[in-house]
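To keep things simple, chains are lettered A, B, C, D and E as they appear, and every chain counts its residues starting from 1.
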Amino acid sequence: MNEMLVTLALILGKLLFIFGVVLFMAAYLVLAERKILGRMQLRYGPNRVGPFGLMQPLADVIKLLTKEDFVPARADKWLFLIAPGITAVTALLVFAVIPFGPTQEIFGQQVPLVVVDLNIGVLYFLGVSSMAVYGVVLGGWASNSKYSLLGGVRGLSQMVSYELSLGLSLVPVIMMARSFSLTDIVMAQQSLPFMLLNPVAFGVFFICVLAESNRIPFDLPEAENELVGGFHTEYSGMRFGLFFVGEYINMVVLGSLVTVFFLGGWHGPWLPPMLWFLLKVLAVCAMFIWIRASMPRLRYDQLMNLGWKVLLPLTLVNILVTGAVLLGLG
Amino acid sequence: MIVPMEHLLTLATLLFALGLACVLVRRNLIMILIGVEIMINSVGLVLVGASAFWQQVDGQIMVLILMAITAAEVAIGLALVVYLHQQKKSIDVGIFDEMRG
Amino acid sequence: MHVIRGIRGTFQPFWVTLRNMFRKPVTIQYPEEKQQLPERYRARLILTRDPDGAERCVACHLCSAACPVDCISMQAAEAEDGRRYAAWFRINFTRCIFCGLCTEACPTLAIQVTADFELAGRDLLKLVYEKEDLLVDHCGNDNSYNFYRQSGIGVAAPRGTNPGETPPADVKDLMP
Amino acid sequence: MTTLSADAVRSASKKLTMPTLTIDNQTISVPEGKTILEAAEALGIMVPHFCYHKELGAVGACRMCAVTVHTGPMPGLKMACLIAVEEGMVVTTGDDASATFRERVGEWLMLNHPHDCPVCDEGGECQLQEMTISSGHGIRRYQGGKGTYTNQDLGPFIAQEMNRCIQCYRCARTYKDYCGGRDFGVMGSRNRVFFGRFKEGMLESDFSGNLVDLCPTGVFTDRTFRFKSRAWDLEQADSVCPHCGVGCATVPGGRLRELQRVQSGDNSLVNATFICDRGRFGSGYANHPERPRQARQGDQPISVGAALTTLETQIRAAIKHHGPEAVLLVGSDRASLETNWLLQRTAKHFGCRVPVLNAHHHRHQTAQMAAFDFSDQLASLQDIRTSDLVLVCGVDPLAEAPLLALALRQAVRKGGRVVVYDPRPVELPCDYDQVAIAPLALQELLADSGAEGRHLRDLIGQAKAPIIVAGADLLGPVGFQKVRKWAEKSSNAERPCLMYPVLAGANSFGTALLSLPEQDDLLTRLDSGKVKMLICVETDPLLEAPDGERFAAALTRLEQLVVLDYLPTSLSTHANLFVPTCPPVEDSGTFINNEGRLRRFQQVIKPGQSLAVGEHPSREFSLDTPGSDPQPAALLLQRLIGRELPLAELHRQLVLEQPRLAALTKLKAGEAGSRVTPAVARPQFIDQLPEQPVQTLELVVSPARYGGDLFSRYAPKLEPRKRLPCFYLHPDELQKHGLKDGDNAVVETDFGSFRLSVCSQPGMAAGCVLVESSAAFPQLIPGAGFSYCVISPGGANE
Amino acid sequence: MIATTMFYLLGAVALGATGLAIIQRNPVYAVIYLVKSIFALALIFYLLGAPLLAALQVIVYAGAIMVLFLFVIMMLEVTPTNASTRSAPGWMQWAPVLFLTLTLVVLTLVLIGLDPATSEGIPRWHATPRDFGYTLFKEYALAVKIISFQLSFAAVGAFHVGMTERRRARLEDAS
């Protein structure tokens, strides 16, 4: 009984820890993105609220909370209200299976630094992330607005197209790690990260992750300059905030996944494992931001061509080659 | 022991009946396809249950194959819906009662 | 060649953005740092005076006619010496778009632009400027022009004494 | 012959050849005698010009309209305004030769012109500006000095700025030639010509305002409009002058809810492009400081809506308690056709008796004569301008219809003859024969008796296009019957003898045409005692009808007096219920003028308290315009009966009821206007003339030139032209009564006794006393029929 | 114990969601209810020892097939009024259907009751992905190949059927 209570407390503690860290990171990623983008565009970025603009996320939250929560006329109210929640919640849910450190000993207990070590962790991630599209699609559809609908439909087809390559690009990883469990995958990279072992899978996965997060160059569902914000055109206040926060949580989550699958997770010399993990995640996020600053948005047909005609065959070939190599190596 | 097998079969039957009702009553092509999905799901349920009952994976593999078939069916079915909508600007089955294309 | 160009085109921007990160931003931190505005910057309008110190504006309505947003209104009146002047003159700066068309239309160089652009405020009525708010005590950009000395009618000086005029004709004189 | 209208006769008599010519590669056929300039204008090609004017004609002085004639009798650079078109002519306007020529002309015209356009009231509608631009001249090359002049003070109406003159002579041609003014001309020589009076002072002509319209640049500008607005800021619309029955086209201009000026419109059949000073400067009534703008019940201000509700309740109560006779609606000849017709409809709606459309019964009967019995042979002013003999019977044109005087002058200029039969000392701006004849004698003359009558008949018999101008006020229905009979007798199929009635109000003809047979006299109706509620719509019987005392007495017997008006008349102060209405410039509607022509006026400004010059407009934004309560009477009446229709629908229904107004539905403002359909003449009867009591003089009440009509009484701008009232008598008559010029005298009349100074006036007929009606004697109303008076010395001068 | 309770709860959810799905006038709502139902089924699969299938159920059904449905519904702009002008069934229309389904249900239940084996409980059991994979690729290798072919045929077929006339004409011109 006592043991069970301790386990429960540990899980709760981990949940709170992850929740806190992820939300904090999401909030400051916004600021970091704005600052870095600003500097890359020879601007300063936000620097008015607090020293160096450090209180900007707080100001944003206060602003969003105090704004009018507006529901357009003839919108589908019910769906309109839950859609942003879907986006944010699915992004957070993925974190349940992400291991962010090796098993630690705390108060004499062996504590794995992961909420749940699912034996089908990879599939869990794929399943949950395939739910994320519902937030975009339903939000776009429920707004009863042309722009939103277009954004929703774009998001939908983009997800469907890239989900496939995303899943398939992970197959070599699973083959190499011989497990669906994310902890096992990290453990398999003790010596060399998979990024070096299978750079093609890494490249495809990274591109698909960009598409999954609706970020430039794959931000067609939002496309501010053609769709006025796309699926969240009609959203305001904290509901828009949920979409917004969801997007940045997604960044953290996907950054963590890239780290787990290809960058060797918490493995690294000299520094403590969790710091390594954090650094790697931040590096991926920084890459996201850098890409946003440097690349233009793809056209819709370019997006489809890339997804179906380049990435999909590439992953399939990669699976074959990896399988052959693994067989050859025995 | 989780549940008696008959309870699982009853659940599957009821789901199948709902799917059947949907196919028979609705006149919207998309809803008919949805009904088919429901029925296939209930079959999958029975297969998974059987697999667990006899503790063999074969049933689950059947479900996997079923899923693949469903995916193919939906792809063709929805393509047909789109095609028909292009032809008649409607997806009411009542309209597609002519022999001519 | 095509592929090389494509690859270069894809990755060159990354270098550009990276390089920019370490440059000094061009942003001017406005309330603390002020920009050096160009001399002919178009912002708040003023009504200038002629070199003799009299109002230049003759209330000819050309500025209000030229104004694309109808923010200028006025009423002409006649002074005792026959001078036409503005009885009231009003510019609604909440409407003004600072296009400067009024200054181009002004035949007397009365209405001129200044570089004073800090016109924001919460009370709209404070941005409705009357003649006494607009009138300044200098000649603005041109300190030599006096409309009434060039106009050819006897207001600032008696008829025939302005530059380029001959004395009034004596209709009863038959001499050439 | 009775069905053929006069316009049709005139146009049918002209069988014209139509030469075809080519101007700038466009071909057009124009009537023979037209000039190249007019042909180009018809094609839409603008040839710059100054001295040419549609009504003044061409003199070829400015050299601006140069064009190149390629084929024709005299090829080369020619003045378009002087060369009559010929078959097969080929003309270009934009070729190098003529364009360069015009540019040089523009340049020399601008040699002395000051560059003071910003302070010039003509700026924005200045022909010189337009022509300089169109000629292509831009930068002055001549370095010599500009000529200057000293200005004259030309009185309160016209401001002069001679420096702007380009010596086109249009002012002289307008003032002297067209309008017959004698105190204005050209002085000096060479480049020192000066256009002005011989000495400073007010211009005497009653048409002096036309200088403003005709001067192509800013030499003559409207002093009453000085520096008030720029032309492009004015709200302008085609309107009709309400001052008299001529119905001149005007273009009033207003800004900031103030009617600031009136310009002449263009109606070639009526006033051409000229209007009189009364119409031009008499517009102050619209912005009169005392103009009532607030609905009142008793002394309590109420909203217009509440007033209408109250009115409706009161009408229904009065009819319920006292029967259909109890409510009497009164219209007027200054209210629009629509308003008067809606009065009839209102009466029908509430079930009361037919309204009285004109409180002045005598004038109304006369107007009915014109509307029904003259209608097949009505002359237009254009007919008069081209006539060779005009008999003016009982009319003082300058007082009663000023543009008629101008038309008569044009007839005389073309070689026609004008004969005036009138007891008054008629002045006309042309040569004319005057027979001073007392009113009763004039009636007898028209009855075709005596040597003078035979002389008259001979005159008419010899004339090619005779026209009889008949004054309603002096002749009355009896006289009109005689004129009608005379015209009938002296007409034949080839050559009708046309008539031109001079009626008092802008819409006298229309009110008469609308009135129903059962309509009777206002006073008779009031005296019957059955009327409990009187509703006066834009009329004040105290000021506009004789027998004011009887009317005032009748007012005391009323239970309710309701007034709807826009003038600050005395009646409105007595009203139990008052609702403000709009003058024609704030309303759209129709008048029918003397010649039976439908004239549409359009709303120019919106009602509202005007902003006095120099006054600061409010800084606060507000949706309410102060004093904007007044609404057009026609609209008020429609709201009263609960049916608001668009004007077009209203006209459709009006035409259904009055088929003679068929042209109404197609009528547009700014058009010449069609005539009403002629009525079948009614059987004639000759009334007996009254006997003149012994030892009496005939009293002739004539409207003053300025201040005679109700509108100009409320026009402050006209004050300088108003004259002090006095009794005019022939010198012999003065002597007979022992009076001297300037003495005070007492005149006993049917309307009371008056004490005034007397003036000797040799042009008067013997046996008459003339007094001008004005604000000083509101009891004396012209057109009251024959009346007599006794004059006696009134003591020493004060 | 927990598993048993969860099974009944999830069964109820699945049935309820499916029932709601089929009576929706708006296809979008139907799809959303169905997704719910699919989730419940996936969890039942997990309870029955098929974690891999549970994940696949969510990924394939909810993540792909239902999304495809949504895509088509949105693309065709099937508004409720447009889609169900004649599809609102009166109770008379439901009657034969009800009769049919009830017969089916009763018959199945009777059949279930007749077979004593069915009343036995389903044991706790867990099939690992590894077992699954071995069986699939060893014993059902042929089926996997057939299914793969079928999937590619379906892709080609869907591409062909879904093409617009214009696109088809352009392709034919090009060929």
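Brief remarks follow.
Rule of thumb we're sticking to: a contact is a pair of C-beta atoms (placed from the backbone, for glycine too) under 8 Å apart; a residue touches a chain by one contact, two chains touch by 3 or more.
Since the structure is predicted, the reported quantities are computational estimates derived from the model, not experimental observations.
Common neighbours of subunit B and subunit D (chains touching each): not present. Contact tally for B-E versus C-D: the pair with more C-beta pairs in contact is B-E.
Chain centroids computed from C-alpha atoms place C closest to the centre of all protein C-alpha atoms shown. With every chain reduced to the mean of its CA atoms, the largest distance from subunit B is reached by D. With chains reduced to the mean position of their C-alpha atoms, the one farthest from subunit E is D. Centres computed as Cα averages put subunit B at a distance of 76 Å from subunit C. With centres set at the average Cα position, the gap from subunit C to subunit E is 73 Å.
Mean C-alpha positions place subunit A and subunit D at a centre distance of 87 Å.
Centroid to centroid, with C-alpha atoms defining each point, subunit C and subunit D lie 47 Å apart. Residue numbers of subunit D whose C-beta contacts span two or more other chains: none are found. Of all residues in subunit B, none touches 2 or more other chains.
Shown for subunit E are the residues that touch two or more other chains, namely 52, 56, 64, 68, 75.
Taken as a contact graph, with one node per protein chain and an edge wherever two chains touch, the assembly forms an open path, each chain linked only to its neighbours along a line.
Contact between chains, as defined at the top, is found for A-C, A-E, B-E, C-D. Subunit B meets subunit E in the complex at residues 1-11, 13-22, 24-28, 30-31, 33-35, 37-38, 41, 44-45, 48-49, 51-53, 55, 57-58, 60-61, 63-65, 67-76, 78-83, 85-86, 90-92, 94.
Listing the residues of subunit E that touch subunit B in their complex gives 3-4, 7-8, 11, 14-15, 18-19, 21-22, 27, 30-31, 34, 37-38, 41, 44-45, 47-50, 52-53, 56-57, 60-61, 64-65, 68-69, 72-73, 75-76, 78, 82-87, 89, 93-94, 97-98, 100-102, 104-105, 108-109, 112-113, 117-125, 127, 131-132, 135-136, 139-140, 143, 147, 150-151, 153-155, 157-162, 164-165.
By the touch rule above, subunit E contacts subunit A in their complex via residues 28, 32, 35, 51-52, 55-56, 58-59, 62-64, 67-68, 70-71, 74-75, 128-129.
Against subunit A, in their complex, subunit C makes its touches with residues 10, 13-14, 16-18, 20-21, 23-27, 29. The residues of subunit A lying in touch with subunit E in their complex are 76, 79, 119-120, 123-124, 126-127, 130-131, 133-134, 137-138, 141, 149, 152-153, 156-157, 159-160, 163, 167, 180.
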